[in-house]
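What follows is a pair of complexes built around chain A, which joins chain B in one and chain C in the other.
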Partner chain A sequence: MTIIKLTGIDKIYRTKEIETQALENVNLEVGKGEFLSIMGPSGCGKSTLLNIIGLLDSPTNGTIEMNGKLIDAKMSDKALAKFRNETLGFVFQSFHLIPSLNVIDNVQLPLIYRGVSHKESVERAKAVLERVGLSHRLHHMPSQLSGGQCQRVAIARAIIGQPEIILTDEPTGNLDSKMGAEVMDILHELNQKDGCTIVMVTHNEEQARQTSRIARFFDGRQVC
Partner chain B sequence: MNKITLYIKQAWMMIRQNKLFSSIYITGTGLSIALTMTLFVILYIKFAPLYPEYKRNYTLIINSIEKTEKDSTSNNYWQSTPNFHLVNMIRQLPSVDAVAGIFMGWETSPHKDATTEYATIPVVLKYTNADYWKVYDFEFIAGKPYSDSDVASKTKNVVISQSCAKHLFKTEDITNKIINVSGIEYKIIGIVKDVASVMDNKTAADMWAPYTTTNYTDIEDLLGDCELAITAKSPDKIEIVKSEIAEMMHKYNQQDKLFNYQLLGPDTYWASQFRFGKILNEKDELLKYGYILFALLIIPALNLSGMISSRMNKRLPELGIRKTYGATNRQLLSQILWENFLLTIIGGLVGIIISYVILLCGSNWITNILNKGFNESIQLLSDNLSIEMLFNWWVFAAVLTISFILNIVSALIPASISLRQTIINSLNPKQ
Partner chain C sequence: MFRTTLKQIWNQRRQNGWIFFELLFVGIFLWIVLDPLCVQIANKSIDRGYEQNGMYVLQLEKYSFSSPKYSAEMENDSLVKLQYLDIIREMRNIPEIECFAVAYGSAYANSGSFSGGELFADTALSKRTHLQFYHFVPVEGSDILKTYRLKDVNSGVTMTIAPDFASRNLIYLSENSAKMLYGRTDVVGEKCYNYKKEVQEIAGVFKDFKDRDYNQPYPTIFSSADFCKEIEGNFFMHLAYTFTFRVKDDVNRATFEKRFENEIKPKLERGNFYCLGIQRFDVVAQNMAELFGELNSTRRNTIFAIFGLMCVFLGMVGTFWVRANARRQEIGVMRSIGASKWRITSQFLTESAILVSVAVILSTIIMAHYVYTNNFFANVNMLSKDMLNPEYWQNNPITHFSVISIIVYLVLLVTSLIGTLIPVSRATRELPAEALHDE
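Our next item is the complex of A and B:
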């Protein structure tokens, strides 16, 4: 069953002087429960594609379907926010934790915007932090954590809302190999045990080979 | 923990993490609010019902009267304060409750010397009629005020202030004692709680005596040496009193064959503060206060807005993360305003403290601002501002409102601009 379907996606960045085509006629389907790696050299449009799948950016042309729902370019800010909140989880290379919030508050973020009660969101945050091995760091600030710990907090934040799709952009890019392996183990567990669909942008061939499929890009086009 | 609690918690964390920004912001806000607060307190003292002028809201004031000749070829013209004859005429009107007549002749200025066996001190003595004690709500600590019959019989009774009593007798148990005021002996019949010197010059004094005990001579004319404060029988009868006074003056002018008299008033207490001779221009005077308030708010608001704008740039990634996880622009705008409101409220509290320091240290110049025509040395009047002047809901409500306006003006535009950025640009502002 297809959970993500991209059809004829183009992305063109325009300035007054130049036009840059970041993606050209991308057609991609991702099955439910699949772990897809997107690979390619720098500047080939991998992250742009991930941003479009994550509804963080809009395509110049083409259509996006997720969970059988057509994502209309005219959807309101509120509707897009609700869709992201309920369906998608994000893990970024640079963690993107909020520095002024402690670990448990960072993790609760998606549930706050979903309107979940404080008591329930705290319980769920503790549960996901325990799952990523950080139950002893609930009240630490991000600046007090190592890179690996920050990424585990980011993963906890991504999964607390039980999204069907997790999008991750070079999740181990800022980590040493040991920490990177730990993070990849967690992602595989989420894919295999929880059935999460994962789309991962990576430069790491070895990590990509461990996933169920690799989509390769070059100059904005999917080459295989 | 709801969203607002979380916003405030985060704002508190940011204050601690960005000490320099926070302290500059709080100080800037505090100074702006302090100056505005000082202005508000001064206006509050000037206009609000305060001891002993609790009836300001329904008091009418007449300080001047004009007299012109009916002969159209004559240009003779007189302007003066009215006299006690007019006081007694207005007292007869059906909707009038009381008319205080305060003698403003040269004998009230400069101060007089009050002498007892213990001390001789300079005092400010006001000469009034008996209705004075009805118009103004003095708190009698001992004794009672003088009556109409005391005034009529020119009985030398005097009411003195609490501070005056302490200075002159070292005790407050002094009713029926005799005091010598610049050569005239008065019997003390009452002691009242002190009036702050920042109050109106109709009430701020050390002693009060019947106007008939001075060299005042009543004449048939309406011009004299007295100012009037009139209270209606109820607050809603103010306009009726005004029309009764107008009708009374119309009849008086019809009966007088030689002269026309025109009152410069009666003004409400509020309006009387804006009268300069014939000119009563409340709007222009209020506009002046409006301009001052605008300047006190807009200049810091622009500075604070610049600071917030710079901080919003630093916070762009955070806004991007929040949007990524489901926050709408509206929710984020609300968050930013709440966070900023906390900073502004802290600034407001700092501002209140600074303004109290300004007000308490500067009560002398505030007295000068509020009582422009009252330059005699007031030796005994308390310069200290009372608690009811400084701590009241109106002033605190004003601070809260100002904080709110400052918050909106300074944060709304930078926040709106930052929120217009796409999520990608917010997450990676350097790209």
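Our next item is the complex of A and C:
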């Protein structure tokens, strides 16, 4: 069953002087429960594609369908926010934790936006942090954590809302190999045990080979 | 959400600390700058108690000894009196004039003259108050109450002088005078004593009367003392007796003034008297404010306040703008995990409002100590504090303090919200992907 379907996606960045085509006629389908790696050299449009899938960016042309539902550019901000909150989870290369909130508060945020009670969100945050092995760091600030720990917090934040799709942009890019492996283990566990669909942008051939499928990009085009 | 916002403010206490101290300082600064202007505006906006529009003062002068038009023969007290009365009659017969008043000792609003004295309720040992005396001369139909269109405090009807006003030694009191003497306003028929222990009967109570536009109404009495029951002729009588009048409502004032200048003024020459012209009451009030420094004081306080508000606005908007702009990436993260634009905007606005509220609370405590030790800005000419009317907010310490504090709070709140709203709205409008790459 297809959970993500991209049809004829183009993305063109325009400035006064220059026009850059970041993506050209991308057609991609991701099945439910699939772990897809997107690979390609720097600047080939991987992250742009991930942002478009995650509704963080809009395509110049083309359509996006998720769970059979067409994601329309005319969708209201509230509807888009709700969709991101309930269906998608993001894990970024540079973690993107909120520096002024501690670990448990960072993790709770998606549930707070969803209107879940404080008590329930705290319990669920503790549970996901225990799952990623950070139950002893609940009240630490992001600045007090290692890169690997920050990424695990980011994963906890991404999965607390039990989204169907997790989008990760080079999740191990800023980590050493040991920490990188730990993070990959968590992602595989989420994919295999929880049935999460994962789309991961990576430069790491070895990590990509561990996933169920690899989509390769070059100069904004999908080459295989 | 509110709990998270509070935590965020606390966790960012170092960065917020500077903003907090800035707000604290600005709060105190605004308090000191806005207080005088607010009091001046409040005093000025108190109802005059009379209708200034349509009122004029006649400017009479006499030829000096060196003038070729001066006549020594005409300088006789009885002749001077007749000449003056003749001028009054000439004025009274002008069709545009509705009514007039002859008052003693430049007793007209905003004249700058002040004739103070005490009045006692019933006996010399009873409650007393200091009042401004408006001595007026009941000659040739002169009616000061009608000319000023003073309103009866209870019925609201325009008052007129009783025909037997002078013979019965009647007086008219302002509302605040009556309240100070008797604690009430239904005092018609009550007896009171002047400083010579003469009994005077109260014939009416009018709404508070402002002798000076920029001051609060001073307790006022309209009376006709012995020395001005009749006009006395003397060399300086054109200065001693002032002629004020009101034109009819349907009279075009510009046309009347022109006609007065061209046709009436030349006819008002009697003996050594001649007419300089007429002056509108509003012009008299403006001159008064200018001469007594009130205009300069108001201008100075207004400029300080505008300058202060501009500095505060630009400074605080800038501070909050920078604060919000520095968190564009955070806004991108919030959007990526499902926060709507409004959710983000409201969180930032709440943060700003909390910062301002805490800072204003502290600055208010500091200002409470300041006014306790240094008092408020005062702009009243009362002889004692118990003469201040507590109904005016600026006279009540608690209300005064609250009003200025609320104004300061609102100014800072609005400023900080504008400084937050614009950059946050702009940041939420851009695509989250752009904000996330803003490193």
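Heads up, the rule we're going with is that the second predicted complex is superposed on the first by the 224 of 224 C-alpha atoms of A that agree within 3 Å, B and C clash if a C-alpha of one lies under 4 Å from a C-alpha of the other, contacts with A are read in each partner's own complex, and residues count from 1 in each chain.
Here, contacts are C-beta pairs under 8 Å (C-beta built on N, C-alpha and C of every residue); 3 or more make two chains touch, one makes a residue touch a chain.
All of these numbers come straight from a predicted model, not from anything done at the bench.
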When the two structures are superposed on chain A, do chain B and chain C clash or fit side by side? clash
Have a look at where A:Arg114 lands relative to chain B and chain C in the superposition and call it first, second, both or neither. both
On the A-aligned overlay, A:Asn85 touches which partner chain: chain B = first, chain C = second, or both, or neither? both
First (chain B), second (chain C), both or neither touched by A:Pro171: neither
Contact breadth on chain A, by residue count: chain C or chain B: C
Now for A:Ile98: first (chain B), second (chain C), both, or neither, which partner does it touch? both
Among 74-82, 272-280 or 308-316 on chain C, the segment whose C-alpha atoms clash with chain B after superposition: 308-316
Indicate the residue numbers of chain A shared between its chain B interface and its chain C interface, in ascending order. 51, 54, 56-57, 77-78, 81-82, 84-86, 90, 92, 96-101, 105, 109-110, 112-114, 118, 157
Within the complex, which stretch of chain A touches chain C? 48, 51, 54, 56-58, 77-78, 81-82, 84-86, 90, 92, 94, 96-102, 105, 108-110, 112-114, 118, 141, 157-158, 161
Residue positions on chain B within touch of chain A in the complex are 1-3, 6, 9-10, 13-14, 17, 317-318, 320-331, 422-424, 427
Which residues of chain C touch chain A once you look at their complex with the stated criterion? 1, 3-4, 7-8, 11-12, 329-330, 332-343, 431-434, 436, 439
What part of chain A is in contact with chain B in the complex they form? 51, 54, 56-57, 77-78, 81-82, 84-86, 90, 92, 96-101, 105, 109-110, 112-114, 118, 157
